[in-house]
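As structure tokens, the structure follows; a few thoughts come after it.
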Amino acid sequence: MKKMGWGVIALIVLILTGCQGTQSEEKTLIIAEQYGLAYAPLAVMQAKNFVEEIDPDLTIEWAKAGNTTVIREMMLAGKVDIGFMGIPPFLIARDKGMEWEIFMGLSQAPIGLVSSNPRIQSLEDIQATDRVALPQPGSIQHILLAIAAERELGDAARFDQQLVTMKHPDGMSAMLAGQELQLHFTSPPFIFMELDEPNTHLVLTGTEAMGGPFTFIIGAAPKRVLDEKADSLAVLNQALQKAMAFMRDEPEETISILSESYQLEPEVLKSYLENPELIYTDEIEGLETFIDFMDRNGYLENEIAADEVVWN
Amino acid sequence: MSGFRFESVTKTFGNEVIFRDLFLQGDPGSFLCVVGKSGVGKSTFLRLLGGFDQVESGRITVGGEPVTRPQKERPMVFQSYEQLFPWLPVWENTAFPLRVVGIDKSERRIKAMEALHAVGLEQDAEKYPHQLSGGMKQRVALARAWIAEPQLLLMDEPFGGLDMMTRETLQDLLLSLWREKKWTVVFITHDLREAARLSTDLLILQENGNWTLKMNELSRPRDPYSTELNRWIQDIQL
Amino acid sequence: MKRLRIKAVLILACCLIWQGVYWTGIYSSMIFPSLGTIFCALARDLVEGALVEQFIYSMRLVIEGLLLSIVLGLVIALMARSFSVFRSGIDLLISIAHPLPGVALLPLVILWAGIGEGAVLFIIVHSVLWPFLVSFFGALDRLPQTQQEVADNYEIFGWRRLIWVDLPGSFPGFLSGMKIGWSRAWRALISAEMIFGATSGSGGIGWYLFQKRVFMDTAGLFAGLVVIMIIGILIEGIFFRWLEKRTVIRWGMER
């Protein structure tokens, strides 16, 4: 009798593992989930199930990740298939030998350097003791600051030792606390919220720093995914474009979807979304400028050609 | 050198009476031994005299002054080896009472060596307590009490944990120092023979708060095994 | 000596295993660099980079934090022994504050102490003070009664009593509190540096590690870890051992 029991258990285990086997043949894409207005098409796509509409067999799994660095590490470890991030963090990974490529743009956004100190009106006014909060060194915020520093002060690395790493919400709290932190390079919606406060002003916008428009967030994928899941990527691209169109055509519903997940009042959210500089498009702009600058100033060690890093 | 007095002192512990209406006069230069069964309250007696504990009724005076708290003029030599500070070398342990009152290092050292010489330990001055034998540790404690220039020397079964030979050597040492410095000593012991050897007076603490005083007029030097001494001991009712 | 030899052999074995794994190529060299690459990164950052400065900077902050904690600890101990109300209050404070990781208090820290060295020191002191007090108070509570009575007898009280008698008497507990404090301080410092960045000059080792991470310089990251390991070994194996020899071992107070 005992042997029968063990036999049954073994059979069940085999069946279950067999089931696992079939499951892995289904199509999945694991995407790192991120918060912020710049990633809005992802939220809309998820809420409206656009992926399912286009390809019912493709399942999207969402992985929670704290910040760009973690997303890169998860992509490195194969735990995540797609990461959305700024161009500089992508380039740094690429520079270190990761065979990743950009498969689409996601958004352009009005990011910039906010100050709560009237003394600081331009980069020149920033002293060695002033600290600048931004998400991390090597982020798009850092690189834009460095680009502006190179142009206006002749020294790209000028502020590199004055950075304080803070997530956007923490940076905003610190700024508004009115103590030591008086400079925050941030993005929507935080930049809007900070500028709504009485004693804040913009020192520098991203567009000023770049000398033109630039893509804020792009979508990147490792070679493995680009080779094996090319058609799924195409579906994702389509679904996101559908989301972007939806956001243009159905603003009311968009606002009700996003207001819930972003915990913002619909009125407030509406004013943010209507900002002309917040653009959702899969076009990629400013790539060469970033590559050129980072290469010139030692943020990249190797040569990278712009067309090599864009997929298709 | 001071005398001490207990006037109508009663001390209880919970429901038990340790001693009731104790009347006792210790003359300057006397050597009082306190004996009694285990747990009868001998240590309590000494602690009261030293100011480590408070009386419930009655009065205790030393040199005419009431006792309220411990003072360096009434140094206590404990039975426990923990009475020496392990982080100080022997001479610093000895000189501790002087350090507290602000005597500077060089003078402390001279006095410490004097005290250590008196107890026969000057060659171990730099050692640490953990390097000493039990007997040596008690000598250091004695040297420390010596240096404090006591009005009253209190000793709580100081030789209790030592072997017979060491005990007798230390008893001889104590007696010679006592004679020389004319100390007033109050000494607790459970060893009647020791009490017979050392004491000028004997306080016997008994059950239910009873107590008895007995004089010791045996002639010195006292042979601990003489018949005279044995007879004196036999008389004692614990 | 034998223990040292065993440790050396173990370290060598680890190095061989590491290099072996690298050669099999199971992991990409991006996440598992060779010992050679790590060593080169270390050498490069020591010579060309600011690693030496960063090391000194971190050590300075840790030592400052530790000293500050010890002084605070002594003052608190003195007050706690003199006033029982204070002691109860402090016990309560310890039980609340001890379980909170310093980095979790970040928003509060930024509000109270800003974002400079002051904030980092705050985090260090918070990480050290509570476990140190627990250890120190524990030792003070266990002081032999006889020793305390001797101190009463020779009439030494207050501040002098604490420094001349209670502190040496509780030194084993004090020392183990310090050891725990050191490792807590070091960890707190590194995490704090990662967040606060270069609070002065080129920052410290935490900042070094963080930059290696965001710029995906894995070899440099491991190099930084190697430096941290070496520091740990030096402090614990050499400094604390030396301190022990001169105090608790010399006094026969080892437990």
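Order as written gives the chain letters A, B and C; numbering starts at 1 within each chain.
Note that in this section contacts are C-beta pairs under 8 Å (C-beta built on N, C-alpha and C of every residue); 3 or more make two chains touch, one makes a residue touch a chain.
Every value quoted in this text rests on a predicted model; they were computed, and no experiment measured them.
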Touch-based graph of the chains, sorted into line, ring, star, complete or other: line
By mean Cα position, the chain sitting nearest the middle: C
Centroid spacing, where centroids are CA-atom means, of subunit B and subunit C in whole angstrom: 48
Between subunit C and subunit A, distance of the C-alpha-averaged centres to the nearest whole Å: 36
Centre-of-Cα separation between subunit B and subunit A, whole angstrom: 82
List of subunit A residues in touch with subunit C within their complex: 69, 72, 76-77, 89, 92-93, 95-98, 131, 133, 136-139, 161-166, 170, 173-174, 177, 179-181, 299
Contacting residues of subunit C [partner subunit A, same complex]: 28-31, 106-107, 110-111, 114-116, 194-198, 201-203, 210-211, 213-218
Interfacial residue positions of subunit B with respect to subunit C in the complex: 50, 52, 69-72, 74-76, 78, 80, 82-83, 85-88, 96-97, 99-100, 128-131, 148
Residue ranges of subunit C touching subunit B (in the complex, touch as defined): 144, 146-147, 149-150, 152-156, 160, 164-165, 168-169, 171, 247, 250-253
